[in-house]
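Structure incoming, see below.
Chain lettering (A, B, C, D and E) follows the sequence in which the chains are written, and residue indices restart at 1 in each chain.
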Amino acid sequence: MSFMQVEDLKVHYPIRGGFFNTVVDHVYAVDGVTMEFDRGKTYGLVGESGSGKSTTGKAIIGLEKITSGRILYEGEDVTNARRKRDSAYNRDIQMIFQDSHSSMNPRKRVLDILAEPIRNFLKLSPQEERKRINELLAIVGMSEDVLLKYPHEFSGGQKQRLGIARAVACNPKMIIADEPVSALDLSVQAQVLNFMKDIQEQYGISYLFISHDLGVVRHMCDHISIMYKGRFVETGKREDIYTNPQHIYTNRLLSAIPDIEPETRIERKLERQQVEAAYRQEQHKYYDKDGKVYPLKSISDSHRVAMSEDEKERV
Amino acid sequence: MSTNELLEIRNLRTSFRIKDTYYPAVDNVSLTLRKNEILAIVGESGCGKSTLATSVVGLHNSVTTKVEGEILYNNQNLVKLTDEQFNKLRGNDIGFIFQDPLSALNPLMRIGEQIEEGLIYHTKLTKEQREKRVIELLDQVGIANMQRVASQFPHQLSGGMRQRVMIAIALSGKPAIIIADEPTTALDVTIQAQILDLLKSLQDEIQSGIILITHDLGVVAEVADRVAVMYAGEVIEEAPVVELFRNPKHPYTRSLLKSIPQTNSENEKLEIIQGMVPSLMKLPRQGCRFSSRIPWIPQSAHEANPQLHEVAPGHLVRCTCWKDFHFEDEEGSVNQ
Amino acid sequence: MENKNEQTVEKLESQSSPPTGIQVIWREFKKDKLAMFSLIGSILLMIAIMIMAFFTIDQTEVMKIQLLERFTEPGVRGYLLGADEAGRDMFGQLIIGAKNSILIAIAITIIANVVGIGLGIIMGYYGGFIDNFFMRIIDFFITLPTTMIIIVVVTIIPSYGILDLILIIAAFQWMSTARLVRSKALSEARRDYISASKTMGTSDFAIMFKGLLPNLSSLLIVEVTLSFAGNVGIETGLSFLGFGLPPSTPSLGTLVSYAMNPIILSSKWWVWLPASILILVMMLGINYVGQALRRSADAKQRLG
Amino acid sequence: ACGGDDETTTEKPAENTDGTKTEENTNDGGSTAESPTLPSDVTNDGDVIEGGTLQFALVTDSPFQGVFSYELYEDGYDSDILDFMTNSIFETDGDFLVTDEGIAKLDVDADNNKVTITIQPDEVKWSDGTPMTVEDIIYAYEIIGHPDYTGIRYDDDFKNIIGAAEYKAGTADTISGIKKIDDKTVEISMTKVSPAIYSLGDGLWGYAAPKHVLKDIPVKDLISSDAVRKSPVTLGPFKLDKLVDGESVQFVANEHYWKGKPKLDKVVLQVVPSSSIGEALRTGKYDMASAYPTNQYDGVKDLENLTVLARPELAYSYLGFKLGKWDATASVNITDENAKMNDANLRKAIAYAMDIEQVGERFYQGLRSRATSLIPPAFASFHDNSLEGFNYDPEKAKALLDEAGYKDVDGDGIREDKNGEKFEIRMAGMSGSDTDEAIVEYYRQNWKDVGLDVQLTTGRLIEFNSFYDKVKADDPEIDMFMAAWGTGTNPSPLGLYGEGASFNYSRFVTPELQTLLADIDSKEAVDAEYRADAFRKWEEYMFEQATTVPTYFRTEIIPVNKRVKNYNVDYGNATELHEIELTADAPIK
Amino acid sequence: MWKTIVRRVLIMIPQLFILSLLIFILAKQMPGDPFTGLITPETDPNVIEELRVKAGFYDPWYVQYYNWITNAAQGDFGQSYTFKKPVADIIGDRAMNTLLLSLLSVIFLYVLAIPLGVLAGRYHDSFLDKSIVLYSFISYAIPAFVLYLIFVFIFGYRLMWFPTSGTVEIGVDPGTWSYYWSKFYHLLLPAASYALLGTTGVIQYLRSEIIDAKTMDYVKTARSKGIPMKKVYSRHIFRNSLLPIAAFLGFTITGLLGGSIFIETVFAYPGMGKLFVESISSRDYSVITALVMLYGFLALLGSLLSDIILSIVDPRIRID
């Protein structure tokens, strides 16, 4: 049973303008997103830049104001409580940031960085705190002598691992990972991804894994949602998405992913061009007259796709 | 130099001065670019790809940078050219595309002006002719409303459009060589695909040689003809694209390929490369530079002074360690 | 498993220091001889002034009027820098004046910067309404003709002395700091480490003043240094216009404004010139120090 | 007092618009007696040139206001400018008393409280050529008395003219007391006539207004009219030719001047800041300067191209003691017997302890000297030469203090009061130049030498406006205060020391003093001898009481370029402007 | 664009209103009043009292304020107590003088500072750069008015190259060529002195802007086009660094107005700054308040001007 549900989440940013600098419009950064999370599973969130992925993640963890919608955690409505700093919710939901470098205070030593959540949430004695930190370092495979260093003295991968160590410090139930590897080189990316999987296995953490790299998402996630302009166009199990994509946007995204098969690149290019042409011709069918994505309709137990009413009939 | 060869880089070494000492960031690199081919240079961040590219166009700060070796183009050694001589080639014979098109475009200049600028110095076209050419170029890179875009400023365009403009600038002199330094890294996948397709089709059109710098092996597989893999300032492997992906030899290349999440790797662990690329000042200058990251391979497997060896036609590999290489867990033992 | 190797690599890197900390500043000073010279010179000068003013010079003695010593020339009868029209020792006045001016400038700098930095960080961190509200106030303050208002206020205060002067000037000096800090805090607050701290339950106050503030420190050092130099100037200017401190409280400003008397300007140089030169030297020194600090805060312009 | 005298207005604090120039330092000067080194006239050799242009520097740090009408101006600098182009209808002697030599003759009928003014020459013309008539004299009264007049000259004195109040109230069309007898004569009836009438007091007005020009301009618009601001029609030796507002004026000779056409062609008057006047004179930019700052005497003292003339100023500085309060409702001064400073010996001791001689010598190069009485020596007939003043004598001061019971009981060098309690005197002083600050510090040292602890009210010298605010309000923080009075040409002390005088800042009144003051302006005092005697008695009384201790007499210096042929600044026989001649085309450098 | 300007102007109204309240109350708090200056034995104290009553100084402050602000809103700032003229007339003349002085100063300043800043940035770290930086620091560090005094002394009196007071020579007729020359001639020394000491900001800003610009990617792009270095500097680096300087203009003028007090005092130039100091000592309330309002207004205008210029020269900033 899912331990956390997000219901019809909306985050709208006002656009000010006009003569008196009043709100003239809104950016519909997140515009009605519904998700639920099971323990120990990874949920992928994919979409092009600006589609609202990060905003969704930040709204869930409480970094953004929610315009409307609800978040239920262990059966309780935490929509408002989530912004309270020392709530259980805050302790149980943690985040890993895209830019590992900027996610650590450059003026703080690793010791203080790792200790921050422990001091806030666990209230341990100094010895216990130190013990916990050493455990964390062991988990991410670093020795104690890094504690006195500053973040800039680490490589990207190391920093990202420290970021993960910090996120797991208080045994969270879920970690929101916002593009945790997109700034990393291939080999380092592999390190971090492996590592995230290890931890998940060990502690049963759930991930909300945000990325625009469909290859990585496929590798990591059990369940994937494709996002476009603040809404989901398609959501389903990994297989649903990769083997049976329904929405034209999903198709287009999938066809654009480069593959490391040079032999078949000519075919892929042709296919890509076909999908692109189809997308251009048929996209009106997939979006309403305001260019918005239609509501999701289930097409199987796990697989839901956005479609208009008439489209649905056709299916 | 055969007629097919556009550019030949021989033993290029580019060093940066840091605290009064010169550290080579590109060390003894030799490469050849042929007509109508895309030569991809891949490698991890900091391995010297951009340094190499900038050396070819002579954009290094001469005070803090030392460029040695030869870069032969049209029977001239580019390394020896003065800035003025180089200016005749830059923008005319050699076009350059930068990674981040936003910062690479002058924010205060109209797009049209920026494309036109090179033409002023390299052609004798009149103002009208130049303007016509700008429109043509924009058309060529697939921008629909050329007229309007020409009169806009960079910040008014989307990322993909900006990169197209950068390409138009690079194309403006009908260059024989185009150097593209990570042209798609800042872009979304769908846009990346469009830009790559554009580059490919342009190349068919204008028959120039392209050096494409990237760290994304997927991109390489999509467009490159030949690939050079760099590690720590050196080229460690060079091969035609299919050969490289089918038959990678160097341990680094092999590890790299294994670390890409694959369709079938879903629940498996990815292969990783231990450690990290040493920083410029701490690069090992002796022996196989990759050896420290594969410590389970005995030192004896490495060459004392690793050289490029041709292992198949057009396929070069540095050092002999590839012969003894196996992945760490393939033997099941872990060297602590 | 793989950690062993990493540690060796890390060890090589070592020597822990934050990216823009004291070490960078120190390196910058070592590179720039002039800045180093200015730093040491300014510090020594100020220390010397303070020591002399507090320990070796008797203010009542210096300020005693001795009509017979009127306009005594430098070097005569032990008057190192001569005497003014009331026969008061110029050297003593210079030291006491410098002490007063420096202390005033320091006090103004501290008050204005504490307010400016505090407010700036709060504005930048919270943004939104709080930011807007204070921004309007700052906008208002910035358009105020500061010199004029200060003059009006000065004429209102009945017995106005050093403390009043400090408070009045400080009241009009915090805005630019607040603005600068706000804009930096605004961009800094968008960085992920702030978000990270929020998700880890740190209180807003701790984030602002323990997390964010240290990251603005290099900028602030520059700001504080240069505003210190500016504040020496303001006091001088007010004295020149006749709205500064009374002559019984010598300051560099009062000494310099003796130059307004044409006779003193043209033939009694020892009355006004030493103070002018002291101001020049001090400000120059502080500016060179400030420039080096600024370079160390801005990686692009660093020398070393 | 009469409001229309140029000499007085230069003394006014009103001119001190820049805050750094207060009475104290603009018109520094000393008594003639003490600075004999400087002459009051020059005679230069050399051949006189035909005509020529006199370059005149008006020393001020702010622009002049440019109200060129005696009835309306309030700023001293405007009167300096007016001097060149207007002429009082009366001439005065060395005591500033009206003589018979002017355009008009004054006849006083003291018994009937009437005066008659008669135009003497056959024809006097305004600068535009229109003849002057008695109507013009009357019109001046009608301006001041007019309901729309907002200036300062409609005062109690003016109300002395019969019918002035009714005219002011708008209930009468003319001032009934002013009667035109014929084209040359006017008769003015007054409620009372006192000796002050000869000093142009009692409401008598010394100027004529060009009625033919002004009559069409409503009185309330006069002050902004071109007839006052830009092209005044005047009676003086020169007439206004060109004007740069607030900065400079060019005059040309008035061919209609009643004493004959001036010898100069032109006068150019320019505002020069006090900080640069010395240099300007040195480099020969100007022939003379008005109100040359005394503390810059050094700057001109030794210049070859100049002669520095001097004359006593009609002013004195003083140290006043607060002895009571002003009762605003009853408009009287009330002396408080128990006032802290109500001990003549204490006051005298304070005065004897001041080393005024040294201050005058050192800070003012002898241009200020110890004042001995409350009447400046310029009023030769009224000034009491026999008074010695409180010459610096610290021993005497100590003796007086001991005698009065102010003794140092706790041995800290500072005297305690009669009851043996801490005794601190608070003095208010007006801020001005740095010199003023130094001088006050010096006096405080002097007082400390005799064991008196004098502290400054507010801890520093007080800016002019606040100073008068505080002194006027009898601020309890003030035990004594240093200030100065310009006396004007009418030395009558009633307005400054009388029971009902709000300017009597020491608030000292006694019946005896009342009588003495009344005597000075009594009917009997119309007799000059009698009046002089009354003055002296009052002076002696004030010296004995020492409630207002005169500190300095001041000497005004007037640097004059050596190309000016003859020039005399003595009040009695000053060179008239139309007589000035030059010996070179440009000032000598 | 127009909308923004109109909006900004509308925002000025409450700002100016608050400023007016502030300065009015402050001004009334000053000890003394315009009539204190009339104190002399020659003046009847009752006359002074009467004048005070007539001027409304005994009314409650809000009544005085109301009367004043309602008139001021209609452009009538009252009469100057000192000059007996409408305040607008006096300030009008003086403001004109100050604006002329400011304008010429700004021109001189830019003419001097821009080449120096450009050179310092172009030859960053060279001897030339160091000399320029030294000069700019000295000009900042030196107590300005001392140098002004020395200039007046040397150039005005010792060398007699320039007039030392006033705005125009007496005797030249308004409207003639020599009149304008005389005006210009009177402005020359103060404006040049100001410019000489006021360059620090512009030089420092330009210099670091150019040093920054040199490392920008777009400069690399320009070089990769094969444009001669000279042209890279002129078309890209200088242009991009200089454009923001244009926006400084508004602020520079505002700053200059503030500094005008010193210049005008030393050079005996009758402008607003000097008028202000004079009015303070004569307690000429109506002039003080009107002047502060004018300064405030000009400051607002200056910043608006800066924003407008910036939005014109920098296409990234759009105000609409």
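The rule is simple: a residue touches a chain if its C-beta (ideal position, glycine included) is under 8 Å from a C-beta of that chain, and two chains touch if they have at least 3 such contacts.
If you're wondering where the values come from, they're calculated on a predicted model, not measured in any experiment.
A.B. asks: Name whichever of C-E and D-E has more C-beta pairs touching across its two chains.
C.D. replies: Answer to which pair has more contacts is D-E.
A.B. asks: Please indicate which chain is farthest from subunit D, where distance is taken between mean Cα coordinates of the chains.
C.D. replies: B
A.B. asks: Take the average of all CA coordinates in subunit C, do the same for subunit E, and state the distance between these two points in whole angstrom.
C.D. replies: 25
A.B. asks: Could you work out how far the Cα centre of subunit B sits from that of subunit C, in whole Å?
C.D. replies: 50
A.B. asks: Just how far, in Å, is the C-alpha centre of subunit B from the one of subunit A?
C.D. replies: 32
A.B. asks: Measure off the straight-line distance from the CA centroid of subunit C to the CA centroid of subunit D, and report it in whole Å.
C.D. replies: A distance of 49 Å separates the two centres.
A.B. asks: What are the residue numbers in subunit B that touch two or more other chains?
C.D. replies: Those would be 272, 276.
A.B. asks: Tell me, which residues of subunit E touch at least two other chains?
C.D. replies: 30-31, 149, 153, 277, 280
A.B. asks: Return the residues of subunit C touching two or more other chains; collapse runs of consecutive numbers into ranges.
C.D. replies: 1-2, 6, 13, 155, 158, 260, 262, 266
A.B. asks: Which stretch or stretches of subunit A touch subunit C in the complex?
C.D. replies: It comes out as residues 58, 61-63, 85-86, 90-91, 93-95, 97-99, 102-109, 116-117, 120-121, 141-143, 145-146, 148-150, 152-154, 158, 163, 166.
A.B. asks: Contact residues on subunit D for subunit C in the complex?
C.D. replies: 19-20, 275-276, 278-279, 295-296, 298-299, 358-359, 362-363, 431, 433-435, 437-439, 441-442, 445, 458-461, 463, 465-466
A.B. asks: In their complex, what parts of subunit E are in touch with subunit B?
C.D. replies: Where subunit E meets subunit B, its residues are 216-218, 220-229, 231, 235-236, 239-240, 243, 313-316.
A.B. asks: Touching residues of subunit D toward subunit E in the complex: what are they?
C.D. replies: By the definition above, subunit D touches subunit E via 1-3, 5, 8-9, 11-14, 16-20, 61-63, 65-67, 72, 74-75, 150, 152, 154-157, 223-224, 242-250, 268, 270-273, 275-276, 279-280, 282-283, 463-466, 468-470, 485-488, 490, 495-496, 501-503.
A.B. asks: Show which residues of subunit C lie in contact with subunit E when the two form their complex.
C.D. replies: 139-140, 142-149, 151-153, 155-156, 158, 229, 233, 236-237, 240-241, 256-257, 259-260, 262, 265-266, 272, 276, 279-284, 287-288, 291, 300-301, 303
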